[in-house]
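Multiple structures are listed underneath, in structure tokens.
Look at the two complexes coming up: chain A is in both, with chain B in one and chain C in the other.
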Partner chain A sequence: MIIIGELINGMYKDVSKAISNREADVIQHLAEEQVKAGANILDVNIGPYSNNVNDDMKWLVETIQKVVMVPLSLDSTRLDVIEESMKLATNRVVINSTSADEDKMSMVFELAKKYNAQVIGIALDSSGVPLSRDKRLELAVKIVAKAAGYGISADDLYLDPIAMPINVAQAQAREVMESIREFRMLCNPSPNTVIGLSNVSQGTKGHRSLLDRTFLVMAMASGLTAVILDPLDKELMDAMITAELILNKNIYCDSFLEAYRKK
Partner chain B sequence: MPIELIREKYAGAINTVEIGKSSSPNALKIGGQTGLPFLFDEGKMPNAPIIAYEILDCPPDDWPENLKESYGRVVKNPAKWAKACVDNFGAQLLCVRLESMHPDKGRRNVEASIATLKAILSLSAVPMIVLGTGDDERDNEIMPRVSQALKGENCLLGVATQNNYKTLAATCLADGHSIIADSPIDINIAKQVNILISDMGYDAKRIVMHPTTTSLGYGMEYVYSIMERGRLAAFIGDRMLAMPFIVFVGDEAWKTKEAKEFGKVQGINWEITTAVSLIQAGADIIVMRHPDAAKSVKRYIDWMMGKQ
Partner chain C sequence: MIIIGELINGMYKDVSKAISNREADVIQHLAEEQVKAGANILDVNIGPYSNNVNDDMKWLVETIQKVVMVPLSLDSTRLDVIEESMKLATNRVVINSTSADEDKMSMVFELAKKYNAQVIGIALDSSGVPLSRDKRLELAVKIVAKAAGYGISADDLYLDPIAMPINVAQAQAREVMESIREFRMLCNPSPNTVIGLSNVSQGTKGHRSLLDRTFLVMAMASGLTAVILDPLDKELMDAMITAELILNKNIYCDSFLEAYRKK
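Right, the complex of A and B next:
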């Protein structure tokens, strides 16, 4: 499972404050802790409060790269901001993200081709969030086909069927699971599938971690290959490790949690 | 239509373990592969599998005659026996089994065995594997003393098991030896023993795994599949299975009636075929007994490595 750590996001007050005050140690600590807990990629999002998006994003990328070696997922609606930061990236980056809208895809895949980046493609378009697996599949096909036109291999795509809050759209969870299964069968090599896990429990109270980890395990059983989550949630990571074991991705031993963390 | 072969490429590698004083020209490296044995189009095999000649710290009274006679009179003196392996048969590595200290085999005192080991070292300059008696209680008494006496030699000491690893791991850590982690043809336990040993602060990159094997004719397919499964897991990144393998071919082969009771040639062939099968399964150190079998297997390894 590819773990994309979500904690460097200006939506969080401490991160937002650290960005505006240029508190490198706060950001670097978050980067190191997430990687130590098992993140393979770190999502970088300056959040809604930035007054100087370009400089803030570039500062984040440089600050993070001073302490960890993992690839970054550059998370912004502004492609110019992503491109400026890509120039500073020492590893291959993930562009987070494109929708299935033609204009957006053209721009994102052009950029991805130019910088050899991976792309998160969200199964959604200007008509809104799809509410059926068929609509999701239709949008996913559009993304894969468009990417292929730019010479981007399906395994460099992360298709996101959009996990929705369980207290808002309960019936969508099963649709998402089925979509994950269908996305994986779209082509060979299979595209990666990804979800933003914390969406699932957004707005719920009392059992957020339990909701997230149960959803994750079910999504993994449906073929999920990547996930955006809080890697510092140890119970969540334990559930992920156990699910990988049960899916026969790793060889069992009595200390399997520890074995995974020594990988 | 031409047939296109499918080539696997892996990201992981087997650990490289050094045995013997690093200052010595005879020090050996094992492991380091990035692919299955001899598939040179798929991965590298920087170190050839190594044969270790097995000797005892006492005369091998229990060995079958057709095996014992291959060494002649020197088997009565372990140091001379070791020297003969090196001088006459080109042994690059010795494996000394401390059988004489076993409670059922005379329980010789540890000083006498250490003196034997020192005598072997003084006559033969090749690296050494040292195995305890196989009796947990006795091994926990003797191995710390043996380990200390060999401090600085960078030996490979064995064996640590799931239920008895602490003493040996601590002593190998203190005296700078590599360690053999033993498991009963069970990949899950193999991984667990590696974790238990590394939890003691012992460097996992110095562990060599003994997966427990068998002889030709006694379930080789199962052993092969266990070793292959461990290897494939290591190649896709499981560091707790990325250890080189040691296999005790001589011990396994010469236990069988097929090797003991059907004349000298069949015994030798039994040991050769068992060794070759386990090398194909990924064995890095092959501990052998009959010098003719060992020589044949060495030729086989050289021939296979020559294709690289």
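Right, the complex of A and C next:
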């Protein structure tokens, strides 16, 4: 499972404040803690409050790279901002994200090709979020085909069927899982599949971690290969590690949780 | 999800002792607690230590039926014992179980037909436990076809692909989940699918409940409709309730765990 840590995001107040005040230690602590907890990639998002998006993103990338070695997922709607930061990246980056809209895909895949980046492709377009697995599959096919036109292999894509809040779109959960299964069968090599897990429990009360981790385990049974989550949620990570074990990705030992974390 | 409570089983020392000494209150307490925790069916197994299997089983059935109304799963290798107890049952019973062996199936389905019982059909035969989904499917087809010959509908069958201990047969977990998916597609109406959940963590140390509940949630994502488990394991039941919610079987509310338990 590819774990994309979500915590360096300016929508969180402490992160936003750390960005404004250039408090490197706050960001670096978040980076180190997430990697220690099992993140393979760190998402980097300056959030909605930045007054200087380009400098803020570049500062984040440089600050994070001083303490951890993992690839970054550059999360912005501004492609010029992503490109400036890519130039500073010491690893291959993930562009977060493109929709299935032609114009957006052209720009994102052009950039991905130029910098040999991976791309998160979200199964939605300007007509909105699809509510059926058929529509999701149609959009996923568009993304895979467009990427192929730029020489980008499907296994450098992370296709996101869009996990929706359970309290708003309860019937969609099952559709999303079937979409994950279908996306994996689209081509060979298979595209990665990814969800933004915290969407599932957004706006719910009382049982957020339980909802998220149960959804994650079900999505993993359906073939999910990557996930954007809070790696500091220990129970969530325990569930993820156990699901990987059941899927035979790691060899069983009595202390399998500890063994995974020591890796 | 059909929850079959597993706790009234003479392999547990306190149950075995209660059976020998005719301590009705011990058995009735276990029956009531399991039903209160969400069991829809109670498994009844006199265990390996009985000196008088027929009387013990009949006493158990009568004792349980004095306090709870749920159907019973009569769990014995002795069909004569099951038949004697069936005569006392106030609800439709589940016969636990038949293999896919012709002789066994003939006897079990004959009995099921006579008493209008449901049947747990285990996907194994005298050649042993199958280690591939293809072999499991072959045995499942045999069971469904044989049952049909006795006029027993597939939705009165619980097909068990045999969940195996993760520390012994780790690669089988994934096969079992695919088998669940395949069994459900065998015919219309679909057969029920069932697993004996505690098998998964048998012989493991330290994380039994975590292994069991993670496996259960994954199996539910694959289409599992029934499970034999310990309904007094609260975290396990929480995971089951949450997975049902995600599968859109109950309507979301913020207190969905409490709402389920009040039903």
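What we mean here is this: the second predicted complex is superposed on the first by the 263 of 263 C-alpha atoms of A that agree within 3 Å, B and C clash if a C-alpha of one lies under 4 Å from a C-alpha of the other, contacts with A are read in each partner's own complex, and residues count from 1 in each chain.
One rule holds for everything that comes next: contacts are C-beta pairs under 8 Å (C-beta built on N, C-alpha and C of every residue); 3 or more make two chains touch, one makes a residue touch a chain.
For clarity, every value in this text was computed on a predicted model and none was experimentally measured.
Contact with chain C, but none with chain B, is seen for A:A243 once the two complexes are overlaid on the shared chain. With both structures placed on the common chain, the touch criterion links A:L257 to chain C but leaves chain B unconnected. Of the two partner chains, chain C is the only one that A:N167 touches; chain B does not reach it.
Counting residues of chain A touched by each partner, chain B versus chain C, the larger count belongs to C. When the shared chain is aligned, chain C comes close enough to touch A:M220, but chain B does not.
Of the two partner chains placed around the shared chain by superposition, neither chain B nor chain C is touched by A:M69. In the superposition on chain A, A:L211 contacts chain C only, with no contact to chain B. When the two complexes are superposed on chain A, the residues of chain A that touch both chain B and chain C are 251-252, 254-255.
Taken together, the chain C residues at the contact with chain A in this complex read 166-167, 170-171, 173-174, 177, 204-207, 210-211, 214-215, 217-222, 238-239, 242-243, 245-248, 251-252, 254-257. Remark: chain B residues 187-192, 195-196, 198-199, 204, 229-230, 233, 237-241 touch chain A in the complex.
Looking at the complex, you find that chain A touches chain B at residues 250-255, 258-259, 262-263.
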